[in-house]
Every structure is written in structure tokens, then in C-alpha cells.
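Look at the two complexes coming up: chain A is in both, with chain B in one and chain C in the other.
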Partner chain A sequence: MNDMENVLESIGVTKNYAGKAAVDNVSLKLETGLVYAMLGPNGSGKTTWMKMVAGLVKPGKGEILYKGKAIGKESKKEIAYMSTEPYFYSWMTVADVGRYYQDFFEDFSMEKYHQMLKRMELTEELKTKKLSTGMMAKLKIAVTMARNAKLYLLDEPLNGIDLLARDEIMKSILEVIDPDVTLVISSHLVDELERVADAAIFMKEGKMVRQCMVEELRSSEKKSVVDLYREIYGHGGEELC
Partner chain B sequence: MLKLMKYEFRKSASSKLILLVLTAVFELAFLGGVFFKGYNLMGTGMMFLILCAFFGVFYIGLEGIMTLYRDLNSKQSYMLFLTPKSSYEILGAKILENGISILMAGAFFIVLAVFDLTVATLCIGGAKELMDSIRQIMDIRLNIKIVSDAVILSVFASLVSWISIVVIADMAVILSASVLAGKKGSGIAAFALFLILSWLFSQMLNLVPAFDNMNLTMILEIAVSLVLSVIFYFISGWIMEKKLSV
Partner chain C sequence: MEYNSSLPIYLQVANLIKRDIVTGKRELGEKLPSVRELAVSYTINPNTVSRVYKELETEGVCFTRRGMGTFVTEDSEKVKNMKEEMAGTLIHEFLEGMQQLGFTKTDVIRILKKKEESGE
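Right, the complex of A and B next:
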């Protein structure tokens, strides 16, 4: 992995909340064109780390570089973040959400948004405050994936989505795969991610405990991501940290 | 910046519309009273129009502060901070939209008052005599002359002072959100910070020398208030840019 291929670099990044480290000295590099599965239980620091990359949370220590530059106005033009929580203004309709993204993101495609809405069975006149959890999750995915971003950070994109819709959603997400595009997806559904991920990042208690290529893991250690997940977070996981 | 301002306006559009509708209702009552010589109706309309003017301008500023508080202490903050805009632009759009709304509302109510006074004078004639009497009483008893430019300057000074208070309150909200990050008590902390910052602001404003010419003093105070507001804005923007996590 040389520096030219790294789209993102997290260097000793730490974030404390009330004296407790939510993210603790995390150093990692993301290579352009890969799909990363970010794994770990609740409270392991995945969301906080993603929010720092998205520019929503400021690191206490360390720095995050996107294409060699600090996170800020320029990186936000190319990074699309989908949070777990709903965040749209309560007065907005589904159409308003699209217009808002079009107003602020040059890489947003209204045509793609309409296609995504159709696929997700969402209509434009729906009020965001009246959407069910599943519908809200679909809307967040639709508006995020309608951007032609260079780095996508999807925090638990399958949360609240029923089993039948999951495949369709994963298909929509993976459609953006391109040699120029990097995806980071966090999920509890490890086996679901294993099928699509090129690399895996394991987080535990704010620390990054392992980063590996999925194929290398299979060939050299004869393990699947699910096996490694069980090893880290199940019995004996403490020894790895 | 204009797009940010457009959405800031949208956030407060409902309450502005309510204010406009209420004003229209009381204006109709006032004009109905004037045209049909219903003095009770005219008086009631006038009283509520004055209330609309004072509380309307006050509420527009207050709503700007409340919107900022909500934007920094809830998940809807992502709508602002995910966009490729700097904190200076985000805060600047809020303050500008709010400041323009306050000034526009102030100007609107002044124009409406002038219009209503003119209509009343033309229709019933009594208003002019009333104003003349007030003018005479003040001339005789208090030796004060009602000079139109002084009145306009006072109104403008009040509006600028209200905008300054909004900027100070914004800074208090930003400081509280940066330190407490939406935790319990952040509202109380913001209020305490607002009191401290207001005191600091007034201390700086007290350094303006008083001249014999009241108008000159007032102009200088307005200028200093605006400069201090700009300084407070830049400090708030810096805190947001460097320290605020949402």
C-alpha cells in the first residue's frame, strides 16, 4: 500500500467523552477503490470514528487526512456520510430532502435520487417526520447514494430494513463501486458484509484491533471474517486487544 | 451562503407567516375602526398592532437563537455540518438572515405605523391634533423637541442593539454546545454565559465617549455595537470551526 493509493489516513485519532475514550489512538489507512467492513459491537467507536471523518466530530488528539489534507470544507465535497440516526428537518418532505442535497452537493444527481426512491418504494410527497424507521433508513440510503462521492461512510445502513429489502439495498449500495470510489460500511450483520467487503476493520472499546484484507485472511489464516469476529468479540477476544 | 440563508428563512417561515397574518387582522380592525368611526375597534386594532410590532421583532430574534440551539444540540445539526460549508458561512448565514429579518420587520412596522397615522389623520383629523398636543406638551413641560431623525436613529439603534443581543446569545449557545455537547444543563449554561458575555459587551460599549450632540453619540454607539458584533461573530465562528462536535 503506497501513499498515492490511500484516500484516507487516520493518525493516532482519539476522542474522549466525559473522560472516557470513545475512539482511542486509532491509526489506519483506507485504500482507494475498496469496500471496507467496519465491525464491532455497540460502543466500539465505529460511529464516532466515522463522524470524525465526516467532519461532524472534532478529534481530541491525532488527525485525519483525506487525500493528504485535513478534514474540512473540501473533504465534505467528496465524502458522503449516512448516519444511523434520522437527521432531516421535520418540515421536509422526501422531495425537499433531494432539493436540499442538490443545493449543497455538486455531486448529487437528482435523476439517481428519483431512481433510488422508486426502487425503495418511497414517494416524494411523504413527510419525513411521518416516515417509519424502515422508510427513514431507505430515504437516508437513497439520498446518500444519489451522490457521486469518492468516499462513502455508511453507518449501519441495514438497520431497520426488513429481510426482503436488504438485498435490494445492498445492490443499490454496491452499484457505486468503482476504482475511484471507497466504501466503508459498518454493520452488525457480519456475514452480510463478508460477501461484499474487500477488507475488514475490527474495532473494540474505541481501539482498532485488526485491519485485514478479506481474501488474505481466507488464504493465509484459513479464516472467514465471521470466524475472526467470533474470535475477537466472543470467547478469547480479550487476548487480541 | 444564499442557499444557507434560504433554509434559515424556511426554518422560521411559519412563525413569520403567523405574525404577518395577525398583523393583517389587526390592521383590518384598525382601518375598519378608522373608516366606520368605530373608535373602540380602532383602539383595539392599534394596541394589538403595537404589540405585534414589539413582540414580533423580539420573537424573530429569539427564534433565531432557539433555532441555533436546536441546530447544535440535536441530530438535525448534520444537515448543516455535513454540507461543504465552513462554520463561518453557517453562522454568518444564520446571523445575516436573522439580522435582515429583524431590520425588515422593524422597517415594515415603521412604514405601517406611518401609513396608519396618515390614514387616520386624513379620515378623522383627530390624530394630527393629538400629535400636535403631545408635541406641545413635550415642548413646554420637558423642553424636548420630537425630531424625526432622532426618532429614526433611536429605532435603528434599538434594532442594532437587538441584533447585538442575538449575536451575543449565539456565542453563548455555541460555547455551551462546544463544552457540554448537548448534555443536560446546556440550556442553563448557555443562559449563564449569555449574562456574562452581555456584561462584557456592555462594558466595552461603555467606553464610547458621550458627546453633546446626542445623535453623534448614538451613531458612534451603533457603529461600535456593529463592530463588536462582527468580532463576536468571528470568535463564535472560530469556536465552531475548531472545537464544536455535533
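Right, the complex of A and C next:
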């Protein structure tokens, strides 16, 4: 176990959209084996940053290094990204989604996918276009976590999910954790990530405003992540309706 | 479960396990769940669980057998002491709280006696 090693480095990364910086000079390092909560309201740059790490969007300025090398074909093999947008064709069944992923990713495990489906109570013949928001969220998690990736980027995995299902999803995420696996989970549901994250990254208006270890924050500053979130943004995160 | 916001989570979970041990919910010498099992059942980070076990080991509440896992201590004396220690902490906190409200120890004893008589 090499826990001091950094799996990812973001160096002065900037991305502009229509003249406005969506991500503004973000420098941070991700240590191998840790779970990071990426926090901030909508529009704070979380999604754009994740897309750059996933190799879907190119930085305007700065660079991102995965295990010391630029993002590209090789990094994509080891980085699993789950976006907020639904990305399956409407004709697909749950089984088709698995096959589609299997074709795309060498590290996809059909066995793991089936286990995940069972735990999420999804059946293979279900059509994706008929899935409820909650079921779709579960499917996205199942297919993403069925990859044996080294770095997982999960963009708002708990969005639109009821409390019970949230717990199911968090447990499925926890099961992949390993000393050589790193996770970044974005959310504005700060509370849900508090117990699961080793570290928190706070984003505000495209900038990374703070990065800290969760337990250290509690013992040295006697603050929870929720407390710090309130300090930074002036409110305690959005509530799900 | 709910977590207190200012106490490190690993200490909170360690306290829960200690409570299970002193109340006999977990027996002497019993094998504790693996790091992954405990992480999933409490929905907490596995690194936090490792810290929980490390803490319990340092306190002598648990021990690790290489390749076999973590076990509750077999020393009943240790558990008895731990129970007394936990009770001591509770009583201390209680008395401090009462003192802040302006009650003396004599007042506290009187109040407790009254409680006992009323069968609560």
C-alpha cells in the first residue's frame, strides 16, 4: 500500500464557457485510496472539472495529470465517470446497458453488474425509458461501479433519490473502496457524504476554495463538513424535496 | 444513525462498539466484522473503520490475530473496568451539567432519591 502517492494532479486548470470561467485556476491533488467529497452549489464548477478529468472536455489552461501522465486514452481505461445527464439510448433495456458498457470498457465486470442489479432490485428486461428517476440513478451507479476502475468520478449520485435508496447507493459505492481505488463524489447533499468521505473539496464560482481532511477538521477545529459548508456558502446545502 | 458533528466519527463508532461489549451484545473473544462489513453496515468510510479498530486495539478492548481478523478482548476484568470508566464519564457529565444549573451534589442526590421513590 502506497498511501502517500497522488493518483491525480490538477494544476492551474481553467475552462471558460462563453467568456466566463466555469473552472478557474483549480490546483489540487488526489491521494490514492481516499474518498473525496466535492462540494458546492450548482454552477460552482464541479461537473466541468470532472468532465476534464474524464477526458470529455479539454482544459483551456493548465493541465491534469493522472498517475503523472496527461489525460488521454490510457487514463480513460482506469477512470470511471458517472455524469448527471441520462446517457442511455431510450430503446435499451437494463441488460443492453450492461452489454454496451462491456463493449466499451475492458474493466467492466458482468458478474459485478449482475450483483449490483440484484442489490438495487433492478431486473434485466426493464426498459430504460420506463425507469423512474430513482431507478435510473440506481442503474447509472450499478453500471459505473461494475467497472473495476482505479478512479471513480461520481457526479451527484444522490440527486433525486429518496432516503432509503440513498443508503443503498452509498453502500454500493462503499463496496468498491480499496487501498488502490480513489473516489470523487460530488454533491450538494453535504450531510450524506460526511461519514463516507476522507476529505472534502469545496468549490465556489469555479474556484477551489478549501480542501481538508474530514476527521482532522473535527478534531482540530471541532467542526463538521456541514459546519464548514455553512461558513463558506452561508447556508447548509440544498435540501431534496 | 446520527453522528455528533464535532467528535471524530471514528471515536463515535468506537464508543458504539464499546457499548455493545459492556452490555454483552458482543461477547468476550467474539470476532468483529471485517473492515468492509462494518463500513457497509454503518455506511462509513473503510479508512474510518480501520481507525476505529486501531483505537480499540490501543485501548486494549480488541486485538488482531494476523490473517484472522479483529476480536473482542478475552479479559473480563478489562471489560469491567471499561464499563466503570464509561459510567464515570456519564456521571461526571451529568454532575457538571447539574452544577451549571445551580444544583449542589446534595440537591442532585435528593432529586435522584425522589425519582427512585416515584418509581421512575
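One rule holds in what follows: the second predicted complex is superposed on the first by the 230 of 241 C-alpha atoms of A that agree within 3 Å, B and C clash if a C-alpha of one lies under 4 Å from a C-alpha of the other, contacts with A are read in each partner's own complex, and residues count from 1 in each chain.
Everything below uses one rule, namely that a residue touches a chain if its C-beta (ideal position, glycine included) is under 8 Å from a C-beta of that chain, and two chains touch if they have at least 3 such contacts.
Everything numeric in this text was worked out from a predicted model, so none of it was measured.
When both complexes are overlaid on chain A, chain B and chain C end up sitting side by side without clashing. Look at A:Leu151: by the touch rule set out above, it reaches neither chain B nor chain C. Touch criterion not met for A:Met203: it reaches neither chain B nor chain C. Applying the stated contact rule after C-alpha superposition, one finds that A:Lys222 touches chain C and leaves chain B untouched. In the superposition on chain A, A:Val35 contacts chain C only, with no contact to chain B. When both complexes are overlaid on chain A, the residue A:Trp91 reaches chain B alone and has no touch with chain C. In the superposed model, A:Met170 lies in contact with chain C only, and not with chain B.
In the superposition on chain A, contact is made by A:Asp103 with chain B only, not with chain C. Of the two partner chains, chain B is the only one touched by A:Gly55; chain C is not. Looking at the shared chain after the overlay, A:Glu194 reaches chain C, while chain B stays out of its contact range. Here's the short version: in the overlay, chain B gets within 27 Å of chain C at its closest Cα pair. On chain A, the patch touched by chain B and the patch touched by chain C do not overlap at any residue.
Chain contact summary for the complex, chain C toward chain A: residues 3, 5-10, 36, 39-40, 42-48, 51. Contact residues on chain A toward chain C in their complex (touch as defined above): 33-35, 167, 170-171, 174-175, 177, 194-198, 214-215, 218-219, 222-224, 226-227. Those residues of chain A that touch chain B in the shared complex are 15, 17, 51, 54-58, 72-74, 76-77, 81, 83, 85-91, 100, 103-105.
Interface residues of chain B, counted against chain A in their complex, comprise 3, 6-7, 10-11, 14, 75-79, 81-86, 181, 242-246.
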